[in-house]
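Data block below; observations after.
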Amino acid sequence: MEEYFDSTYIWESIPALLPYLKMTFFVAGLSVLFGSLLGLILAIMKLGENKVFQNIAHGYTTVLRCTPSIVLLFLIYYGVPAIAMNFGVNLNDMSSVFFVVITFTLQFGALMSEVIRSAYESIDRGQYEAAVSVGLSNMQAYRRIIFPQAFVVALPNFGNALLELMKEGALAYTIGLIDVMGKANLIIASNYNSHALEIYIGLSIIYWVLSIIIEQFFLKLERVFSKGNKGLKAA
Amino acid sequence: MLEIKNIHKSFGDNIVLNGIDLKIEKGDVVVVLGPSGSGKTTLLRCINFLEKADQGQAIFGDTQVDLKKASKKQIYSIRKRTAFVFQNYNLFNNKTALENVTEGLIIGRKMTKEEANKIGKDALDKVGLFEKYDAYPGELSGGQQQRVGIARAVSLNPDIILFDEPTSALDPELVGEVLEVMKTIAKEGTTMLVVTHEMSFAKDVANRVIFMDGGVIVEEGPPNEFFQHPKEERTQRFLKRVLPEDYIYNI
Amino acid sequence: ESGTASSSDGDSASEVRTVKVAYDQSSKPISYLDDNGNATGYDVEVMKLVDELLPEYEFEYVGTTSEDLLIGVQQGKFQVGVKNAFWTEERTENFLYPEEFLGLSSIGLVLTNENAHIKTLEDFASEGFTLAPIAANNAQYTVIEEYNQENPDNPVKLQAGDQFSVDVIQWVNEGRVDGGVTIEGPFQKQVIAEDGPYHNLINDVVYNEFDVIKTWPLFNLDEQEFAAAYDEAIKQLKEEKKLSELSTEFYGRDLFEVLESVDR
Amino acid sequence: MSNGLDFEFLIDTFFVALTGVPVAILITVVSLAIALPLGFILALTRINKMLVLNQFSRVYVSFVRGTPVIVQIFIIYNSVPLLLASIFEKYNIQMDVYDVNPIWYALIVFSLNTTATLIEVFRSAINTVSKGQLEAAHSVGLTTVQAFRRIIVPQTLVVALPNICNATVNLIKATSLGYAMSLPEITLKAQVAANASYNYIEAYLDIFIIYLIICSLVEYLFKRLEKRLRKYQIAPTA
Amino acid sequence: MLEIKNIHKSFGDNIVLNGIDLKIEKGDVVVVLGPSGSGKTTLLRCINFLEKADQGQAIFGDTQVDLKKASKKQIYSIRKRTAFVFQNYNLFNNKTALENVTEGLIIGRKMTKEEANKIGKDALDKVGLFEKYDAYPGELSGGQQQRVGIARAVSLNPDIILFDEPTSALDPELVGEVLEVMKTIAKEGTTMLVVTHEMSFAKDVANRVIFMDGGVIVEEGPPNEFFQHPKEERTQRFLKRVLPEDYIYNI
């Protein structure tokens, strides 16, 4: 085994990979931004009274949950330009980042719609009633009382979804986008596929550390925002 | 000051309020009694539009509102004249005691923060929570939480405060605290409509007791009369069940 | 050459048309992204020479994976793609093959020294040897599959796998499989070259060529005109022995020397 | 899309890809069968803060959750044979490490992965079952093991079911990464079929349809199961 | 029949039980009173080993057990001789009313299903739930749930039943139901140790009342004496708080 395993490859791969985290962050950042918005809209549809909207939102979530990411990516990567072409827009020159972001946005939106919905439903209706009973308007009640509390409930799940997203790099690589995962593949290819194990170990170290940082960050965030709920949880 | 006329409310097939009329004068303390499921909570909630009645009128001083068809504006204006104290307190979990009290003043009534804080602190002082301004609900005992709830209602300076079983989620020992506070504010002349099972409160503080069952008012009267000589058979049965056997005859 | 109008370029020949050339960016030494982030490799360098000879075209190189390359060319996202592709009948329905091939690929078996006597797929199959998995979209897979179709009585145990997880030379040497398919270039760079990562195995593993095969660029079906222009250019390059030079540079050997014996 | 779909290929390949379904299902079922009990037990070690095991499961969960499955596959697929070989060599065990069917690697990877997910699922589910249930069971003379089997586990399962469903759907989708281990599952079969003619679009459509069918079916079955198990949770009326 | 000697129990720095002695004879109904946090629940839980005491002895008839060092076997044997009725009922949510009662008999006591069902139905009949055998806890009212809890305890035919505030999670009207059932089984000679705030129950049914505070027994005696002439100042203060003002003098 020593014949093949050479740990220097691990340590050399890490600095080579790190710069490509930028791309990972860039894609994840945009997807989180748009995906959360989409999730919010879907969650509102699910929570609303309108049966048609409800069904659309639920159906959307089911289909997206059941679609392997790679398939979704190809559908978007080739489907969206084809559709745009019908409207006379040429998207073939669009950077692949664009399509990866759309794919992740659609997926993240489906995930977030459930996160937001369950967070909202976890807030006791009494909070809303108390808010309007002291003379707040609907919007004020949501903004000042419901959302801040639902936000705290949603945080850990949001963190989880974010982690999942960061790990989807392999997907982006299939259409040529080079993030950390893609860079690892390129390094391996440039070594003619030798020492892939070491490179992947280096990659997994990066991911692992990153995930721990994100996890800790979200724990902190949760602690900061849940200041009011501390006692409740202990009781 | 508040008059309710002919409230009807059903949930599906379940007729919960079946034509209730109620007249409350300024300074009245009216206690509503009744078995579980008789619609007491629903009555209070309809008055405050937390539930939309199927039919009925509310007359607040000079303004008359249709309980079914009230506009948003009318609803806000009535909510401004009422306050609600919930059985489960329903304090804003993400706000301190003081913020709980001032939230409605600053955001709902557009007061400045200073004004609101002054009023809020006074209200908290009144319910004996001088030192808990900055505590979050989770850090308070049930009795303390409910007192914040009362302070929140009082500080709005409403025409009437609606109480829905304000002590029933409390440990027996803590009940005393809250009833004491309620007595105090009642004595200051606050108009109150109180759903409660605390007979001693009804007896000591109320000037009228209403007994509801099956969505209608079965009997009403001043407390002494009500407890000592209940006229209706249904009322007698109820009182027998909720009072220690000998208590009723000893008042 | 049928000069039917191509869909996307206008009549104005004076205008320079930008075309997208997709390449598999992780297929060293055929086509890859070098350490400076530039496209290179035999296939890419040939296309660069072609570009020089075609003033009316400007090539833009897009690195991607071979799957995306295939779908992209088919859909017209890329006008042409290079990925060491071989010719098959079925593929001509989806892609336009030009008249002129792009390069030659020496394909062979990697074996341990004690199996060095195995020279052909027949021998390999007769021994009942196991073969390292090959990525399903790799040309080598096609070669073995075609052999199997022609020799149903004596097939090679063919398994599809992943491009990155199979390190053929290592697998063969450690005995995980009895043999692997590879093309000559990578073997040269890994084992024969002094600084190759597996130079230490130079006495343990051998490369036995069993075929030399033409490789082709894949054009989008609508690109007849472009393909014709390519044909003209590459003919000239072949005459100038430019391709031989590149073959030597990237594969360590001028494969055009054996062109006579190449049958597909 | 510009040139139309090759419907013949689409349909033929659909059935080819379909032959990969049993492998996908097998991996899913076996992984679940291993991960469900293991995840539950490790969840208990985390809740009860059992010293070594708790630390171990924390690190384990954190690693598995923190790294992409495909990377875990590469690592297991490449390192396990090397490790085994050196171990076998050391202890003179006569066995060919390389004769192993890739499905074993798949089972290792996906079981480990699903276990990690389920540890977290069960951890939160067990926490929702009130401690009083265990105490009540003790007070009527049940042992802890009996209490868990008859009272705690059935209730935990109901709470955990939606998340188990989620994990199952993700697991089925993740088996598509088995191609990296040469596992003859749905994706690999479709891709192999596509190689001859490069009909990748049709191949991906087939993959899409098959996964959509399987996963919706799984979701549906879980919903049914949940309804059955939940029968005791009829909302208290009146 | 049950004697407890010198129980000590702390949670961290918080000394909750500080040397309690207690002797209960067969047929006794002992009511434990005390302010919140005084350790009443903890006492009951230690007797049933739901909490491990730091020190103390329990003597059950002829067997003596060290509450701290009891073996698993001893724990089971004691649990077989006791039964517990919880404040929050703690019915098994995934079992019907009947299964709740029979679970301990079939699994814990290895009875056949037929035997267990017979005993279970009898017990449910006794608490007035003839028609609810197959209802799940979620389908029962609080009072009904607690009655199942009592049936579950009674069916085990224990030497003593421990009740921890069995009515405090109930609506006032439902309290009556449960107290009625408790009275019935008390009159049948069941030995009971009851933590409760229901003074009327203490007065009517108990033959001994114990008042705990700060982890020790402050005062104990027969109910009449206890309520009418509490000796300790602490007891007087407590009774004043939890009883309606006039009630105490009128018993």
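Chains here go by letter, A, B, C, D and E, matching the order in which they are written, and residues are numbered from 1 within each.
In this section, a residue touches a chain if its C-beta (ideal position, glycine included) is under 8 Å from a C-beta of that chain, and two chains touch if they have at least 3 such contacts.
In this text, all values refer to a predicted model and were calculated from it rather than measured experimentally.
Undergrad: Which chains, if any, touch subunit C and subunit D both?
TA: A
Undergrad: Chains touching subunit D and subunit E alike, please list them.
TA: Common neighbours, subunit D/subunit E: none found.
Undergrad: Greatest Cα-centroid separation from subunit A: which chain?
TA: Between subunit A and every other chain, the largest centroid distance is to E.
Undergrad: More contacting C-beta pairs: A-D or A-C?
TA: Per the contact counts, A-D leads.
Undergrad: Taking each chain's centre as the mean position of its Cα atoms, how many Å separate subunit B from subunit D?
TA: Result: the chain centres lie 53 Å from each other.
Undergrad: Please report how many Å separate the Cα centroid of subunit A from that of subunit D, as a whole number.
TA: The answer is 21 Å.
Undergrad: Any idea how many Å lie between the Cα centroids of subunit C and subunit E?
TA: One centre to the other, that is 83 Å.
Undergrad: Roughly how far is subunit A from subunit B, going centre to centre by Cα mean, in whole Å?
TA: So the centroids are 46 Å from each other.
Undergrad: Counting only residues that touch at least 2 other chains, which ones in subunit E make the list?
TA: As it turns out, subunit E has no residue touching two or more other chains.
Undergrad: Two or more other chains in contact with one residue: find those residues in subunit C.
TA: 67, 71, 75-76, 164-165, 167, 174, in rising order.
Undergrad: Could you list the positions in subunit D whose residues touch two or more of the other chains?
TA: As it turns out, subunit D has residues touching two or more other chains at 1-2, 74, 78, 82, 85, 200-201, 238.
Undergrad: Applying that definition of touch, give me each pair of chains that meets it.
TA: Taking the chains two at a time, the touching pairs are A-B, A-C, A-D, B-E, C-D, D-E.
Undergrad: Name, in rising order, each residue of subunit D that touches subunit C in their complex.
TA: For subunit D paired with subunit C, touching residues are 1-3, 6, 73-74, 77-78, 81-82, 85, 97-98, 179-182, 184, 188, 191-192, 194-201.
Undergrad: Name, in rising order, each residue of subunit D that touches subunit E in their complex.
TA: 130, 132-133, 135-143, 146, 150-151, 154-155, 158, 231-238
Undergrad: Sort out for me which residues of subunit E touch subunit B in the complex.
TA: On the subunit E side, the touching residues are 35-36, 168, 171-174, 176, 197, 199-200, 241-242, 244-247, 250-251.
Undergrad: Which residues of subunit C touch subunit D in the complex?
TA: 67, 70-71, 74-76, 88, 90-91, 93-95, 130, 133, 136-137, 141-142, 145, 159-162, 164-165, 167, 174-177, 221
Undergrad: Could you please specify the touching residues of subunit D with respect to subunit A in the complex?
TA: Touching subunit A from subunit D are residues 1-2, 62-63, 65-72, 74-75, 78-79, 82-83, 85-86, 166, 169, 173, 176, 187, 200-201, 204, 207-208, 211-212, 214-216, 219.
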